[in-house]
Structure formats: structure tokens, C-alpha cells
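Both complexes shown next keep subunit A, but they swap its partner, so subunit B is in the first and subunit C is in the second.
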Partner chain A sequence: MARMNEDAQWIVLMGFIVSFSFFFLAMILNQATVVGQTTAESVLDFPKNDVRDVKAVIIQSSSVPTDADFRTDLQSIALSRKNAVVNYSVTLPNPPADIHTYINIHYNNGVTLYDEMWASL
Partner chain B sequence: MSGKQDLTRESGISESIGFLLIFSIIIAGIGLVTLYGYPMLLKQQTSADEQIMEKNMIVLQNDVKSLAYKTVPYTETSLKVGGGALTIYNASYDDTTTSSFTISDDGGAVTTGPPLPQTFHTGDLRYQSNAAETMISLENGAVVLRKVAQPGSTMLAEPRWFVDDTTNTAVIYLINFNSTEMLARSGVGTVQMAFVAGNYTEYNIPAGDKIYVHYAPNANADYSTAWSNYFTNTLKMTEVVGNPGVYLVPTHTSIPALLVVKQYEIEIQSL
Partner chain C sequence: MVDCDGQLYTIEGVSAGLIMLLTAYIVLGGTSIYTPGDTHISDMQLEQLGSDALRMMNTPVNGTMTESPLQSMIETNNGAGFTTTFLNYCNNMTGSHAENLQFSASVTYRNINDGQIESYPLAASRNLTGGEHAVKVTEWVIADKKFTGSNVQKNRAALVEVLLWRG
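Let's look at the complex of A and B:
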């Protein structure tokens, strides 16, 4: 009886390797399909520019702090355009004791709640 | 020589019994795979399809957010709807069966804006699985899910209603869907959505007056548990005693409050 020729065993081994790699690829693909949104969306949601815009306008207007029309206009525009509730209060300088203007800014758009106290130099 | 003799003793071997043994093992193997393996695979596929659809709905909700809150005019998302169908249920299709939100106050005291109570029909973008197990809807900016045979429901992604404590302001967003024709999709498709119209109403609520929200579910897709949980847990609303489904908006009633209702109409152009 002739000895068994085992030279081609690597073919069987390669077959195993290929099929296992397919199996793992399938597992990875299966994971990939269930991945949806990333946290990048949430980072983009942070309204940095909106807050800055509102803040700039409020600081510019601190010379007319008692103008009720300006306040309601600002609040209405922030609500309709930026979907944000904005409120602020201005403390004017009291020269001998304190030469600074203080502004408390409140900003809330349901996702981001932001409060800031701004003081003039 | 004696070894050779041993090898030839085959009196205990029967070809037919051997065949029968091997054959029954094969049949048992096939039977196991058919009766247990295949249904298990199918079930896994169904749940994978539903999970993918949950993610798809959250992606679509992001589109709706862009359209409503970020003033983007038009969005387009390609997605694969597997193991079921995605259908648009128009807000204007049938007022008696679509879900609705009603905003009301104690009555008569609000002088600004259109008179309260106001009822808004939202319509929804609904996925129903073929196995009739799961229903996922994009309704009024929220993604809600329910198992068809069970009474409960849950909210996967919340809308953006909020009450600002500092200024005593309640902001309510109402987003409805419309389409010019009946649309449904199974398989790969593109969801095209366009922003049609927005409406913005401010109500000055005098001190002592209370604001209420009522959710009336669609009889075929009842997500009242999901909305109830959102109202009571996230927004800290309280259900009115003796009036199920009506929730009190938690503004301070000792001082005047502001109620802002923002409506958005979104047209689904294709699915």
C-alpha cells in the first residue's frame, strides 16, 4: 500500500482560514449596520455662535438699558429665529464706588442652558 | 497472517444498518436546522431590521430637527427599510384618526393670539414590521416605538419642548407631516423632506391661569404611554387628577407666564 501523500494539506488549512475570515467580516458588517448618529451631532448642536450674537447685541445696547421695546424685540427675534429664550439685566456703573457695568445674560434653547455675568472693563 | 484473518471477520457488520444509522443522523441534522436553526436566524434578521430602522428613524429625526430648528429648507436621506414598510400618514388626511395635541388654559383669560384651546394634528412617518411585532413612528419631532400586541410604548428620541424657569416661559414645538400623495416604501429609498411653512404664536398667560396639554392618540398607533412618560419625567408636568391624558405645564402660576407655540409644516416629497 502506498504512503499517504499529505503535501496538499495546506489547501484545507487555507480553506479554514478563508471561511473564518468571512465569518469575522460578516460579524463586523453586521455591527456596522446598526451604527447611526455619533456624538458629533450633539457637539454641532451647541449654539456657540448664537450665544455670541445675542451677547454682542446685548452689550452694544447696554447704553439703553431701560428701552422696553428693544428688550421685547430682542426676545421675540431670539425666540422666532434661534428658538431660544433670552433674558438679561443690566446694572449701570455707580461712579464713586464702582465704575463697571454688569450684565447678566440668560440663554435657553431647550438643549443648552447658558448663564453669564459680563462685566465691563 | 493472523492479523489479516482478524480484518476479514465482518460477520457483525450490516450494510443496511450502517446506512440507516448514517441516514438517520443526516435527517436529524437537517431536521434540527429546519425546525430550530432557521426560525432562529429569521428572528435574528427581524430584530436586526428593526434595530436598523430605529437608527434610521433617529437619522430622520435629525433631518426634521434641521428643517425645524435650523431653518434648513430641504433634506434628503437614503435608507434601507428592511422587514417592513415605511408609510406617511398625513396630518390632513383624516382628522378623526390622526393623533393630536391640544393646548388649553383655564379659559377666557388669554387675550393674545388665536383663542385657546388649539388642536394640532401631527400625522406621522410610521414603520411597521412584516412580523407585525414592532411599530416605530416619527411623530411631532419624537421617535416613538411600540410592540403591536402590547399596550405600552416608549420614546427613543425626544422632541425639544422646554420650560424656562428664569423667564417663566413654556416653548412648545408642533411639527406636522404632509405629502401630496400616499407614499410608502419597502427596500432602499430616499426620504426627501422640505420645510413648507412655519407659524409662531406667543400667548401672554396672566397670573393664576394654568396651561394644559392633551395628547389624543391615533387608535391604530397609540403612543400615549411614551408621551405620558416624556411629559411627566422630562418636562416635569403633572397629570390632571380625574382628567387622564391632560397634563399641567409646570410654569409658575403666581406670576404672568409666556407660552410660545411654534408650528412647522414639513412636506414629505418622496420615500
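Let's look at the complex of A and C:
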């Protein structure tokens, strides 16, 4: 029986390496869908617009006449529709000692906790 | 009897076996997602578009301390004006084609009498059938209005909620 031809072992070895590389590239490609989905989900879950919006309306409320009903409106609607606990306190300017308005904003929807102290210019 | 023939075939066999085992492992152990992977990405973009449109509508003209267009739409219950402006902001695109976004908007307020959170419809460009794949965008508004349950007109916080979908 003829001996097996042992030429070109390097070429065959390279063939193995290339096929393994393709295999792992395919695995990485396979993850792309999941990565896109989870990234978009994270962006959807993060309440960026809610936080900005709450901040904007609270700052705006400091320059128009509001009473306790306004605060209750804000807090109960946020709790009911956004599952978010919102609280804030406004320190109005005290001229001439201090001409700034200070607002403390607290936002917590159970996943994202946000606190800010805002000061007017 | 052991000899050294066929080593390459052995290596090939072992490699092929490994690849098949790994494939089986990954296929069986992998997570399958049966929704198109792009859905969430377009949802995210739609949500951002709607939020931006509402924010533009809630910005006073020329940056003055007057009421924003959205505020006066809530106060006067101007659903037609809301429809026009909102669709204009959402559907405009560069080029000659317009986007085909539809919406259904409502206003959420607190009934002072019983403390309940209530909503009333503000405007809709199309009726909801339940089959839409909609996203929800919201905007807080300070409205100088006598909401249901209130006897005096004063500044109240209300939430404009818009369901937005590609029609």
C-alpha cells in the first residue's frame, strides 16, 4: 500500500485556520442584531426626555404665578403616568443680597435617579 | 499496530468534529429574537422625533415670556391647530416626499375635586384601531385653564400625551 502523501501540510493547516476564522466571524455577525436591539431598548428605557421635560416645566413654573395645586398636579400626574416620583423646591431671589433663583429637582422612576440643583443666571 | 500514517486526516476529523459541536452548541444555546431587529431602533427615532416636535411647539415664539403655541392650544382647546402644527413638524422631510406619521393626542390633568388623574382627547389625525405600532411621547405644559373639577382659572400642570405611529 502506498504511503500517504505528506506534502502541502502548511496549505491544509492554513485552510483550517481560515475556516475557523470564518466561523468566529459568523458568530460575531450573529450578535449584531441583539446588540442593536438592546442598545435601542436601553435608549428607550432611559427617561432622558422625561427628565428634561420635568426640569423645563419646573423652571418655567418659577416665573409664573402658581400655587399648591400646581405642585400636586405635577407630582400626581408624574406618579400616575410616568411612575416617577418628582419633588422640587424653589428658592426665589432675595435682592439685593442674592439675585439668583435656586431650584432643587428630584426625579426617581425606580430605575433612573436624577437630582439637580439649578441656579438662574 | 500503530504507525504514523493519516495524521492529517486525523487532525481534519478532529477539527470538523469541533466545528460541528460548536455549531450545535451555539444554535441550541443561542437566543432567538422573532421580532425584526430594527423595530426598536425605529421606535427610538420616532420617539425622539415626537418629543422634539412637542418641545418646539412648547417654546414661546421668539423666545419671549409669552405663552407657547402648545399652551394656548391647550387653553383654547384648539385641536385643529394642534393637528396642523404637529403634523407639519413631524411629516416635513427634505426633498419632495412627506413622511406619513399619524397621531392621537390627549391631555392629562388632575381633577381637584377627587384628586383623580383624568384625560380628555385633544386631537387625532386618524382613529386608533389597535393595530398600530405606536410610541408614546409626552410634554408637560403649564396651562392657565379651568380644568374639569376646578372652579377657578389658574396655572395648572397638564401632561400632553401623544401616540405617534407611521401610518
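The rule we apply is simple: the second predicted complex is superposed on the first by the 74 of 121 C-alpha atoms of A that agree within 3 Å, B and C clash if a C-alpha of one lies under 4 Å from a C-alpha of the other, contacts with A are read in each partner's own complex, and residues count from 1 in each chain.
Note that in this section contacts are C-beta pairs under 8 Å (C-beta built on N, C-alpha and C of every residue); 3 or more make two chains touch, one makes a residue touch a chain.
Only a predicted model underlies this, so the values are computations on that prediction, with no experimental measurement involved.
A.B. asks: Determine, for the superposed model, which of the two partners subunit B and subunit C contacts more residues of subunit A.
C.D. replies: C
A.B. asks: Just subunit B (first), just subunit C (second), both, or neither: which does A:D50 touch?
C.D. replies: A:D50: touches subunit C, not subunit B.
A.B. asks: Figure out whether A:S80 sits in contact with subunit B (first) or subunit C (second), or with both, or with neither.
C.D. replies: both
A.B. asks: Touching A:M27 in the superposition: subunit B (first), subunit C (second), both, neither?
C.D. replies: After superposition on chain A, A:M27 lies in contact with subunit C alone.
A.B. asks: Scan A:N94 for contacts with subunit B and subunit C and give back first, second, both or neither.
C.D. replies: neither
A.B. asks: Per the contact definition in the header, classify A:G110: touching subunit B only (first), subunit C only (second), both, or neither.
C.D. replies: First partner only.
A.B. asks: After lining up the shared chain so the two structures overlap, which partner does A:D69 touch, if you call subunit B first and subunit C second: first, second, both or neither?
C.D. replies: Once the two structures are laid over each other on A, A:D69 reaches subunit C alone.
A.B. asks: Touch check for A:Q60: first (subunit B), second (subunit C), both, or neither?
C.D. replies: After superposition on chain A, A:Q60 lies in contact with subunit C alone.
A.B. asks: Overlap the subunit B and subunit C contact sets on subunit A and report the shared residues.
C.D. replies: 30, 33-34, 36-37, 41, 76, 80-81
A.B. asks: Looking at the complex, which residues from subunit A come into contact with subunit C?
C.D. replies: Subunit A reaches subunit C through residues 3-4, 6, 9, 12, 16, 19-20, 23, 27, 30, 32-34, 36-37, 40-41, 43-44, 49-50, 53-54, 56-57, 60-61, 63-67, 69-70, 72-74, 76-77, 80-82.
A.B. asks: Name, in rising order, each residue of subunit B that touches subunit A in their complex.
C.D. replies: Answer in residue numbers: 48, 51-52, 55-56, 58-59, 62, 69, 71, 160-162, 164, 166-167, 169, 171, 173, 200, 202, 260, 262.
A.B. asks: Would you mind writing out the residues of subunit A in touch with subunit B in their complex?
C.D. replies: Touching subunit B: residues 30, 33-37, 41, 76, 79-81, 83, 85, 87, 106, 108-111 of subunit A.
A.B. asks: So in the complex, the part of subunit C that touches subunit A is made up of which residues?
C.D. replies: 5-6, 8-9, 11-12, 15, 19, 22-23, 26, 30-31, 33, 37-38, 40-41, 43-44, 47-48, 51, 55, 58, 65, 108-110, 112, 115, 117, 137-142, 154-159, 161
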